[in-house]
Amino acid sequence: MSRLTLLIDCPDESGLVARVTGVLHRHGGNIVENGEYVDPANDVFFMRTVTEGIEDADLLLRVLQTELPSGAKVKVTGARKKRVVLMATKEPHCLGDLLIRAKFQDLPMDVTRVIANHETLGELTESFGVPFHCVSADGLSREEHEEKVRELIEEDSPDLVVMAKYMRILSSEFISGFRNRILNIHHSFLPAFIGANPYRQAWERGVKIIGATAHFASEDLDQGPIIAQDVIPVTHTHGPKEMARNGRDVEKRVLARAVRLVLEDRVVVTGNKTVVFE
Amino acid sequence: MSRLTLLIDCPDESGLVARVTGVLHRHGGNIVENGEYVDPANDVFFMRTVTEGIEDADLLLRVLQTELPSGAKVKVTGARKKRVVLMATKEPHCLGDLLIRAKFQDLPMDVTRVIANHETLGELTESFGVPFHCVSADGLSREEHEEKVRELIEEDSPDLVVMAKYMRILSSEFISGFRNRILNIHHSFLPAFIGANPYRQAWERGVKIIGATAHFASEDLDQGPIIAQDVIPVTHTHGPKEMARNGRDVEKRVLARAVRLVLEDRVVVTGNKTVVFE
Amino acid sequence: MSRLTLLIDCPDESGLVARVTGVLHRHGGNIVENGEYVDPANDVFFMRTVTEGIEDADLLLRVLQTELPSGAKVKVTGARKKRVVLMATKEPHCLGDLLIRAKFQDLPMDVTRVIANHETLGELTESFGVPFHCVSADGLSREEHEEKVRELIEEDSPDLVVMAKYMRILSSEFISGFRNRILNIHHSFLPAFIGANPYRQAWERGVKIIGATAHFASEDLDQGPIIAQDVIPVTHTHGPKEMARNGRDVEKRVLARAVRLVLEDRVVVTGNKTVVFE
Amino acid sequence: MSRLTLLIDCPDESGLVARVTGVLHRHGGNIVENGEYVDPANDVFFMRTVTEGIEDADLLLRVLQTELPSGAKVKVTGARKKRVVLMATKEPHCLGDLLIRAKFQDLPMDVTRVIANHETLGELTESFGVPFHCVSADGLSREEHEEKVRELIEEDSPDLVVMAKYMRILSSEFISGFRNRILNIHHSFLPAFIGANPYRQAWERGVKIIGATAHFASEDLDQGPIIAQDVIPVTHTHGPKEMARNGRDVEKRVLARAVRLVLEDRVVVTGNKTVVFE
């Protein structure tokens, strides 16, 4: 039976759960998964519901918009696989992991292409039958380089762009063109060690735990809404190189987890934070 | 404003969420927390809702029982602190932790008394102003000993009995008198290492992780519904003694976590499992 | 500068560390990493040392054998990449992860071939330029099937055979031919849920944590020496299918970790346990 | 048999392990635990050894100082319990945990007194038979207040001062009087959220993991050498208050772990980092 996923984000008022579930019930929908959250600081209501038995997504969307307070944002999505563009530089661990997960249907996405600023990962990408585009930054201004990348992305009209260790900083202009649609993995436990060389920073500080953070890219570097984080222990015996090596395993799993959450419509951005329905 | 917590466990049918939230809305209740779960293997619906603005718990209970399918189990609880009897033997870590948490209102419970089969923990207990009863098993049959313990417990009519490392095995008869009201901490990651000396068993097997399990006591030893588990890494350098020492920290935190979940009415037992609303 | 790794396993007596480090010092070796462990239950001494500045591994081995008590087992290895045969069935996650790690030098191994009992993973394997051999069990007795597999393995004289979710049970005879050289990943936190369908067993028991275990294969199924374990939390919402999906990420990382430990000569088997120098 | 613990910190040169273990062997010492580490960035050698069978700690110290390079720092300690002053403010969780561990010999320390800047924890402290001193800051300058605290500490000549959630900032002058002898617990995963209200900062940033850090107090606030860290997951449903509540459990266990490491002479400070022999 076909499933629809509802994501609702609207000013809070009494009775919203009853109204939404009432609509679903009257239209023959059975609730398979349900989550709500009220942000008490801002009086905003969030709801994610997976329902079975309703065929007409557009009708459901219109009915909900009528029933809910003005200002409500409602999203109804079906089971279509999302279209994803991956971006990378030289490190294979995140890219390879996502390509395998896509190929073997572990993640519900079609990778339409991989864009990189070096040739290194071309062979790996193409061995999965995915088109690879190297856009070298050599001899180009930042604007020119980003313009080329943007054009390639827009050819695919992706639902999501995933920076799988894409190691160039993107301009605010670039990011604002894909608001909350660019997912990045930062190799530290943000907000610790913002910026370059986080493993070296971690080693210099002598921390006993390192981590990785998956977040939506925002105009402020490393400041976007966090989706998922994870950590591993380290000791004094780990130099920056060992931290980087062990950290790659964390980066890989945090990124895969965040991609899954976004693909399954479990993430709502609110201000600079996320509500994640798990 | 006063809060009520609803726990519902009933045969699944379409529209249950709409019905329950509709009742709450019509009676002026605002939903503060909400969770549902449908067990697909048995078609059972579970719901936990915290609501503000409804004063009459009994009325709400009656209305819900009318609206819900026959066979529905409904529980409505107010903010009253639960009454808890703690049981222990010689080890202070779990008992001391719970006594401190109770004294400083970290856990919403009144510890009405501590029952132990040794004198060791009497001074500690009494320093918290809690009555201590040592019921030695010396010279008593198991039935006689349990009868004495049962009488002491029943004097307090507790909501919950917590075995904070009570190291005697209780008979099925004893446990069946307090079904799903005795919470136990087992010092292994169940179902591994059932029975005596789990740390020694773990050391003999050469595991690299050890754990602890909080569960409701059931007639079958170490087989009751699991509420919470946690683990820590160990290495070849940990003998049974070091495992036990490190394991105590896990036992302590798993037990405290499970006690909190039960005190906050977040746990529903279904068959030999639990649904835990977090 | 070239490095040698020493692994020593011998009856304990006083002064062993002084003797070994004295030998290294007199032969111009500088100690880069060092670990010792005495098993107090069996009076066995274990030592792992990485040394720089000694060129002649054979000479060092002979000197150490002279200096150490009779009964000492000494292993001296250089930086040669180990030869590894991977075995798999249909699931790509562990195999794909190891192939990427090998290709990009994250793990110091040459994968000489992949042997599977189904065709599913052939394309993935060959896209990494690694020979793939499908040995179907159809129409063969267990002995015949294992004989074919053994012949293929022996053609490569591998240092290690890694069962990357190879889902057939191997006979004691087969395993005894590769003692402590077959590494297996079991999809449970052993010794919980030995045998078939561990995720279903975990779901039926209602555990709140699931795990994976990498171990050397032994004649007794799922009883071999454990090298590494890890776990993740689950809730009542996870059925066997969701546990399996989430569990795959744990299997993948535990297996990769155990393979690394073995490739770096960090693991000594003693009885049914391992000493792991990290 | 009596045990001695050696801690060595000296400029690296070849043969140090052989020299130290040779000394121990010639004096009849048997090595029970041994760890070494060479800091490759600064060419410093660290060693911790536990030895049995040597009675004369002073002789051993003198011999080692003769054998080791000039500039070597050597510490030899026996099994004496360390003397510890605890400092606290109003929160009972860390203080209570340490008092129970001391009383029941889980940690090898004598708590000589508790100093607090509020009366709140007096009853709890005294119920453990430990002297309690409230030094209110009311009406005192920072210098005057710290002078009173310092005098109380110095009366006990403690090996260690543990700030068990002491919520006043200490001056550089105060701290420099107890260099690397004041252990503090900071309620964040440093270096994230330095300074006041870390849980509020964490909530505002929308992190998905929070943590705690045990470190030696240094002249720069929250910048001292880190001994231990740990974390727990949080979600969007956790406000600052819930983060604080859950965080207390992490603070408690990280602090206890760091105290144990220091009491067992497992921690060497080097620059702004620690070498921790576990």
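Lettered A, B, C and D in written order, each chain numbered from 1.
The rule is simple: a contact is a pair of C-beta atoms (placed from the backbone, for glycine too) under 8 Å apart; a residue touches a chain by one contact, two chains touch by 3 or more.
Quantities reported herein were computed from a predicted structural model and do not represent experimental measurements.
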| item | value |
| --- | --- |
| Winner on C-beta contact pairs when A-C is weighed against A-D | A-D |
| B-D, A-B or B-C - pair sharing over half of the C-D contact pairs | A-B |
| Whole-Å gap between the CA centroids of subunit A and subunit C | 35 |
| Between subunit A and subunit D, centroid-to-centroid distance (C-alpha), Å | 40 |
| For subunit D, residues contacting two or more additional chains | none |
| Subunit A partner contacts - residues on subunit C that touch it in the complex | 92-93, 96-97, 100, 103-104, 106, 124, 127-128, 245, 248-249, 253, 256 |
| Contact set on subunit A toward subunit D in their complex | 37, 39-41, 189-193, 205-209, 211, 225-231, 235-237, 239, 272-276, 278 |
| Residue ranges of subunit B touching subunit A (in the complex, touch as defined) | 14-15, 17-18, 21-22, 24-25, 30-32, 34-36, 38 |
